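Chains: A, B, C, D and E, in written order; residue numbering restarts at 1 for each.
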Amino acid sequence: MSVHDFYVISPYLAMAGAAVLVILVDLFLPPRSKGLLPYVAFAALAGPFVMTLIQSYDLGASTSLLHGAGAFATEDPSILLGTLAVDRFALFFNFLIIGSVALVVLSSADYVRNMERFQGEYFALILFAATGMMLLAAATELITIYVSLELTTLPLAALAAFLMNQRSSEAGMKFLIIGAISSALMLYGMALLFGFTGSTQLADISAAIGQATGDTPFGNYALFVGIILMIAGFGFKLSAAPFQMWVPDVYEGGPTPVVGFLSVASKAAAFAILIRVFFTGFFDVALDWGILIAGLAAASMVIGNLVAISQTNIRRLFGYSTISHAGYILIGVAAGVKSGEGVFRVPEFAAIGPDSVLFYLAAYAAANLTAFFAITIISSKISSDQISDYAGLSSRNPVLAIVLALSLLALIGVPPTGIFIAKLYIFTAAVDSGLIWLAVLGVINSAVSAYYYVKIIRVMFNQPATSEEKITASPAPWLALGLAGAAMVFMGIAPGFVMEAAQEAVKALAV
Amino acid sequence: MLFQDVVFWLLTVMAVGGALGVVLVPDLFRAALLLIVVFMAVAGFFILLSAEFLAVVQVLIYVGAIAILIIFAVMLTRDVQRGNLPNRLQIPAAVFAALLLAALVTVAVDTKWDFLPADQQARAELVQTSAVTTLTAEELTEAGVTSPEEQAEVRESGLADLLISDYVLPFEAVSVLLLAALIGALVLVRPDPGTRRG
Amino acid sequence: MVEGYNGLLTATVFLPAAGALVLLLVVKGDRNVRNFAVLIAFADMVLSLVVFGFFDRSEGADRFQFVDMITWIPDVGLNADFLLTVDGLSAPMVALTGLLGMCAVLASWRIGLRVKEYFVWLLVLQTAVMGVFSSMDLLLFFLFWELELIPMFMLISVWGSGRKEYSAMKFLIFTILGSAFMLVAIVAVFLTPGVGTFNMVELSTQATMLTSAGLLIPLSGLFWLFFAGFAIKLPVWPVHTWLPDAHTDAPTAASVMLAGVLLKMGGYGLLRINVGMFPSQTDRFAWALVLLGVVSVLYGAVVTMRQTDLKRLIAYSSISHMGLVLVGIGSVGISQGTLTVTGLNGAAMQLFTHGTVTGLLFLAVGLVYDKTHTRYIPDLGGLAGRMPVVAVAMLIAGLASLGLPGLSGFVSELLVFLGAYQAYDWPTVLAVLGIVLAAGYILWMMERTFFGERRETFDNLTDASLVEAAPLALMVVTIIGVGVWPTVLTGVFESGLNPMVDILNGVINP
Amino acid sequence: MSFEAFLIVSAVLFCIGLYGSLARRNVLAVLMSIELMFNAVNVTLVAMAKYLAPAALQDDISSVLTGQVFAIFIITVAAAEIALGLGIVFAMYRTSGSVDLTEATQMRH
Amino acid sequence: MVSEAVIWSIFLLPLASFAFAALVVRPFFNRYSLISGAVTIAALGTALAFSIWTLRSVILGHDLDFEPIEWLVVGGATIEMGLLVDPLTAVMLVVVTGVSLLVQVYSLGYMKGDPSFSRYYAYMSLFTAAMLGLVLASNIIQLYVFWELVGVSSYLLIGFWHERPAAAAAAKKAFIITRIGDVGFLIAILYLFTQADTFAAAGLNAFHIPDIWAAAQPGFAAGALLGGAALTWMALGIFAGAAGKSGQFPLHSWLPDAMEGPTPVSALIHAATMVAAGVFLVARFFPLFQNSADAMTVVALVGAFTAIFAASMGLVMNDIKRVMAYSTISQLGYMMAALGLGLYAAAIFHLVTHAAFKALLFLGAGNVNHATGTFDMRYMGGLRRHMPITYILMLVAGLSLVGIIPLAGFWSKDEILLGAWNGNGLVDTWVSRVTFSALIAGVIVTAFYTIRMIILTFHGEFRGGIDKELEDKAQTAPAGASGHGGVHLAESPWVMVLPMVVLGVAAVAVGYLANPQWTEEIGIPRHWITGFLGDGLQAAMGAVGHAETLDFSRWMAGISTVAALSGIGLAALVYLRRRDQRADPLERVKPVHTLLTQKYYLDTLYEDVIVRKGFFGVIAGTLDWIDRNLVDGIVDLIGWFFRNIGIAIGKFQTGQVQAYATGIAFGVLAIILALLLA
């Protein structure tokens, strides 16, 4: 590996290094000052962040930092070629993931205080998972994809089971087993793909798929089954129907900040790899999987929203809500494919689809994290997740109540919040690609979703408080809450910045 | 080729039989032992497929580590007497598995695979039985690898080289993964029940 | 075509929101909160009246005035502007919002529960409505449109009465569903080849931008999608059922705003978007609008007859009166001859007058409820002797709503009928029957509530205090003023509607 | 002993593993079944490496090893997975006193 | 030559006094409420003077058309407010202001001490102002505006004692029923606007009344813009409005109930303002009617039928004011019939005379009530000894109503009968024949109920008044009685008597404006008023020269006199010689009597059957049910449906992890299958 290669993977190394660092610090910190750990972790994130910043600066006009053979006569080609792409797409997600990790770490400050031991491990695991997610967003080779996928799944499973109580370990177990089974399916799919195309690199794969011309869907049985099995694997991470059933349980059982992290960062990474693989790898058969994705989107929205209506546990409710949001985002993915004119109906790439997906992910991250941070603060005080116990929150801590209400409204898609623009953007994309039925279904679903989100607001503001005890928190969670909320509103009022970033990122896919 | 065929079928019987045993026998302990049989069979397959190195790894890691771990776990959780009972999902599980099998077999049979050209067989053989570095030029020439640069290429290529060259990134990633998994497991088997909050 | 930054509208729209923020963070103590809210509302009323008063209604003046324009979302696939401006159609609406906002705040004097929060929501609501009436960018328009939901939801579900939560949720779901359809339409309009803008000024001044070539959704589809959103708000039979519940269970001020301005958003949208941007479709489907309008008029009026709850009665009467708006818009379906602005102007006038009239009705009813603690008509009676001021206000409002000349209601109804009769004579005749029914239920209500023998329990009721009488007076003056000198409004409306009518005439007889 | 034969055998193994992971109560049995599935995938990969022509055959002979590399990674990850899995099983056993999946249904609907 | 400002002020003065009374006196100086009375009377006095001035300058033939003011210009609609001063207007002005003034003076005494004295005068001024505006209007919409204002002020006045349920109900009834008629009027206006373009093409304004006249004339330069069926329907629409206000047959039932208002109000309504408005409206648009024989026929027949029909009900009423009310309806029937037969001038003339004696009658009734505290004639009797002046005045008025030569009523009614007999080719002869016979019959009935009323009230001996009535029907509140409870048999104070005297003079003298043979001595030409009005009509129709007037026919005079006398004789026979003072001899003819007392069961039909049961019960009930259960129910159902779908899906979430895995496997297979089949 040349120095250049180390520079290329430096954000990921830095992230992993941060994890190790936290553990080491944890070893030497005296028990009473364990409270510093979240701040250490937060500080350690400076490493990956700075490296990503530098890279995005260096990237300049070129599409990827990796030098192909003969890129520069002077340097020998990078040995990372084929396994990794350091382009705007990857960097967009690096920023997104690092940002959410930072907030999650901050928000956990109070939360971990109630654990006697292993606070260091808690943060380390989060950072490891983040490493996996960043890699996932950048990976361009099946083995790398698989490994980084597992690198995100396993630490999260450990974190889900972290609380060592019945629900938590049950959640971890469910996450692990479903993860294992779906990754086994995905592996078989990858194997078939590899067998047919003779390579594990997306570039070669897409080249090989170009030749596949049969009358079966995707032109070939191996591709057909292989791609669908891979969708199953990704679908687990996307929490899209019909691979979504684990979601509510894990959300209900796992530690709240972890669940927030899971619902935002891991979903983002999953969408990153989905877009990367399907748009750069499988684009020649896009017309076949496009409609399939559309179907998944519809199913996810409907199931998520309808079941959420009758939920009484707020985290479980968010589990279903995240399913429905996966549905909305999938609309954008499906909208990335336009069926071109002509006899052969070759697919056309509609950049607005992925654009909207990336913007939505950012907006969703902000809104959902805000909600989860608020829930974290609340649940660590009232130690309950029953919506009915949120009664009278507006009197117990008005600001908190208002922020939570805002984030709920944001999740409905009420202006002026990021998701309003994002939804508009995604439905625009859908209509643009002729998926009007999907857009209509989407808007109707968001109308329905208003019902259960507003139900929570109603409980918080209308019903009398059960206890007068004020709800308080230390600065760190407040900071996290404030930052996330600010981002949420900012993207609604001035979405231009993030939108442009997203568009730049999607340009890098260069389909 | 007769001998190999016989071995193949033998292994097949071992593998499938063992696998069925794993998922069917009521006694969890026996199931675990049968699992080892399957692992061995798979190792046998690897040898048949001229992947001796993998076979070794298989035996070491799976039989030596994983299976033993599982057996310990079986002991520790003391659930042996409860055994390995089926749940209510048998029928759907069987149906779905059967359907998937049908699909996969169709794939295996109906796909037009792009086979390795005959003239390359020998070289591939050499490279895969990753003992290439020790071979002499004569042996290589016998195997049809005549030109020196070809010989050099074949000599250099080996699993280990790949792992630190083309696949260095997943290699590093997997090391991180192992570390993470280690830490996770460590945390989870910790003695104190920790906090009860959810 | 429209640019510059005047700033007046920005102030008018965002003053209440800013006030709400200050209220939330700074002001302490219920008394101060009230006074501050009144101050803000008054200032905003003045601003809105300035907008209306200084609107240049002379010949050849710009159609759109007081432009506040800056780029909001830069040109990245979804370019939108922050564009506030008023034309003849929206200026009176802004004024109306200012007036009713003031009344609503004054009418909330007796609120004792969570005062600060209450006024915050009320002021935010006013910003939202102001924004709807003065934003000329579809995206911004939609933004304000949605923004109005939550304050109203909270007002109903916290400070309401009866099945308040059910009603609030019903209101919310209905409106969101409607705006969902609208959103799709907006997107489709934006994506139409050759459009690529949310700018309503361009869209409505060059309505030919939307020709059926290369549309993602056929024009008729767009028309009906928009219509769905506005019809629910207006509301039109049969999607009216949220309205009686919401009006009945809302607190007085909320009812005033709801009936006074929120319903108007629907009519305004119909005029601004359906008529303004889809002239051909409006012409094509005018008959359907008239049909729905007539049904709403008669159905609403007849059902009103059966109501025994004062607020519910007024609510149903609103359905009937909003039906007239549709009938007025339907006057564009004129088959021969050239369309005149009469009917549309009537519709616009009806929006304004109904706003004031119903506002006044709800104010009066609110007072009755405050004093007697009942809205059940059979329990009331003979109040006129004890509370003459309220009675007079109620009577004037009632007479106005049954279209008595000299009061604002007459002008709008007359114009609607004049315009609509040319296009659809028999339906219009049916609609005219609606005013007889109106006389029926209004007078019946007056008789049972204020006349006849008085129960002993009401013998020591007190009449409206000064604070309570102030909004009544404000509304009464408006009603009589508009009724006696309607040109003050019609002139302005005409300046906004004439361009639309010109385009329409181009469509009707090419 | 053709390529398809290997593929079919591995498919059979895979599906048996799937069945087991769906139909067994004991979480350890499920883990074992999952291992079966991974092994099946490995067999497939290695068979492909042996019989099928890699895309980059001409310019890089070592690409015939890709399948084996893949298999190695799978084996390693599987090891990590099982380790963590057992950890979770212990946690679960400690908190609920059972490794029966049909009893681990605290959270539902 | 009278100036525009003066004419405007005829209308504006009462309006101002209304504003003053309502906005200044009532809220702030209610203690000195007498001010408002004074102000009103002053205003009306001035208005009367101005009206007479106007009349004079009309007679002198000054050119009195003024530029109208633009009130509202929207698109094609140009709505103006202007003055239309022709003989009809002039005459009406005098009548309205005159009668109103006298009534106001009378009210000073009658309403003395009423707590809402100034409110009363405010309403009265508004009422008069509205009527004057109506008379002066030169634009049909302007006319409609004041038309409605008349309606609403009558609503206010009828319901003046609003704490009385009966009063409130009557007010509501009056307003709604007249409103029903107004729909016709409004539709006529709407139709006019559809013709706006053609009007404009001919240089006319579709709302300007003279333009409408012109447009309806066959001889019009641009050809008749209005004609044929359209014209007929328009005329009928206008007539519907008129029928509502003037209580013509199907829409008459509100008028008797309107007695719930204070008596002077009734006097004003019945004599000069409200009900006169209907006749005035038809007269105003007479040029239209004249060009549609069908419309004329309808008007004539409705009028004739109403005349006899209402009179018949007048026979049996016990409430003195109700008797007068029905007599009003029937007299209005005479006028309508006259108009229908084309006897424009005669109709107006009768309107004038009727205004005089009917006002007088009502004021007399007011006096009687003042004395006895009741309106029920069964508790009166023998009052002529106690209140002779009232007796005489009422006798004069009554005979004038009956049409006894030489009183005013005779001359006007005679004109009508004569015209009806002759007919004038505007309608088929059978129509005029039918009408004539109805009217003659009407004369007899009129004579009968008038004399019955006089006798029951003033002859025989006193039957106890309100006190007796109360103990008879032992109820707490005096139903239908004014606030003047208690019996004190005496003549009313001079404020009340004086106006009556004036009216009495009028009731005798007004007739001499018309066609008695021996009037040269007085210096008034024969047929002066009819000629005057007729010329006005001629001018309106764009024709020149004088309208020919009917010659006085002794035969006709004789016939009508005979009819009247026979009625009188019959009544005297029956009522002077009855044994039981209490019983009404007519009750012997039981079925007829009940039918009449039940008003032919029309009120029952309207209120109970049609409105309550039919409309409110069935139609409104059904719709309301639909709204509650269907429209609303569906909405709730949808919500319920989705919630349960969600719960159903949730049931799959058994919590067992392998179920989820199965879900995944199922998903994969389902997708494969779907794509294979697709």
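By our rule, a residue touches a chain if its C-beta (ideal position, glycine included) is under 8 Å from a C-beta of that chain, and two chains touch if they have at least 3 such contacts.
None of these values were measured; they are calculated from a predicted model.
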item	value
If a chain touches subunit C and subunit D alike, it appears here	A, E
Most centrally placed chain - per-chain CA mean versus overall CA mean	C
Most widely separated chain from subunit D, with each centre as the mean of CA atoms	E
Label of the chain whose CA centroid is most distant from the centroid of subunit B	E
Chain-chain pair with the highest tally of contacting C-beta pairs	B-D
Length of the line joining the C-alpha centres of subunit A and subunit E, rounded to whole Å	79
Distance between the centres, which are taken as Cα means, of subunit C and subunit B, whole angstrom	72
For subunit D paired with subunit E, centre-to-centre distance based on mean C-alpha positions, whole Å	98
CA centroid of subunit C to CA centroid of subunit E, Å	38
Residues within subunit D bordering two or more other chains	14, 17-18, 21-24, 30-31, 52-53, 57, 66, 69, 73, 77, 80-81, 84, 87-89, 91, 94-95, 101-102, 104, 106-108
For subunit E, residues that touch 2 or more chains besides their own	650, 653, 655-659, 661-662, 665-666, 668, 672
Of all residues in subunit B, the ones touching two or more other chains	87, 89, 92-93, 96-97, 100, 103-104, 107, 113-114, 167, 170, 174, 177, 181, 184-188, 193
Pairs of chains, among all present, that meet the touch criterion	A-B, A-C, A-D, A-E, B-D, B-E, C-E, D-E
Residues of subunit A defined as touching subunit C within the complex	352, 355, 394, 409, 412, 414-416, 420-421, 423-425, 427-428, 431-432, 434, 436, 439-440, 443-444, 446-448, 450-451, 454-455, 458, 461-462, 494-496, 499-500, 503
Contacting residues of subunit A [partner subunit D, same complex]	142-143, 146-147, 150, 154, 157-158, 161, 164-174, 176-177, 180-181, 184, 187-188, 190-192, 194-195, 197-200, 204, 207-208, 248-249, 252-253, 316
Complex interface listing, subunit B residues touching subunit A	103-104, 106-107, 110-114, 165-170, 172-174, 176-177, 179-181, 183-188, 190, 192-198
Contact footprint of subunit A on subunit E as seen in their complex	642-643, 645-647, 649-650, 652-653, 655, 657-661, 663-664, 666-668, 670-672, 674-676, 678
Complex interface listing, subunit E residues touching subunit C	71-77, 141, 144-146, 148-149, 152, 155, 159, 162-165, 167-169, 171-172, 175-176, 179-180, 183, 186-187, 189-191, 193-194, 197, 615-616, 619-621, 623-624, 627, 631-632, 635, 639
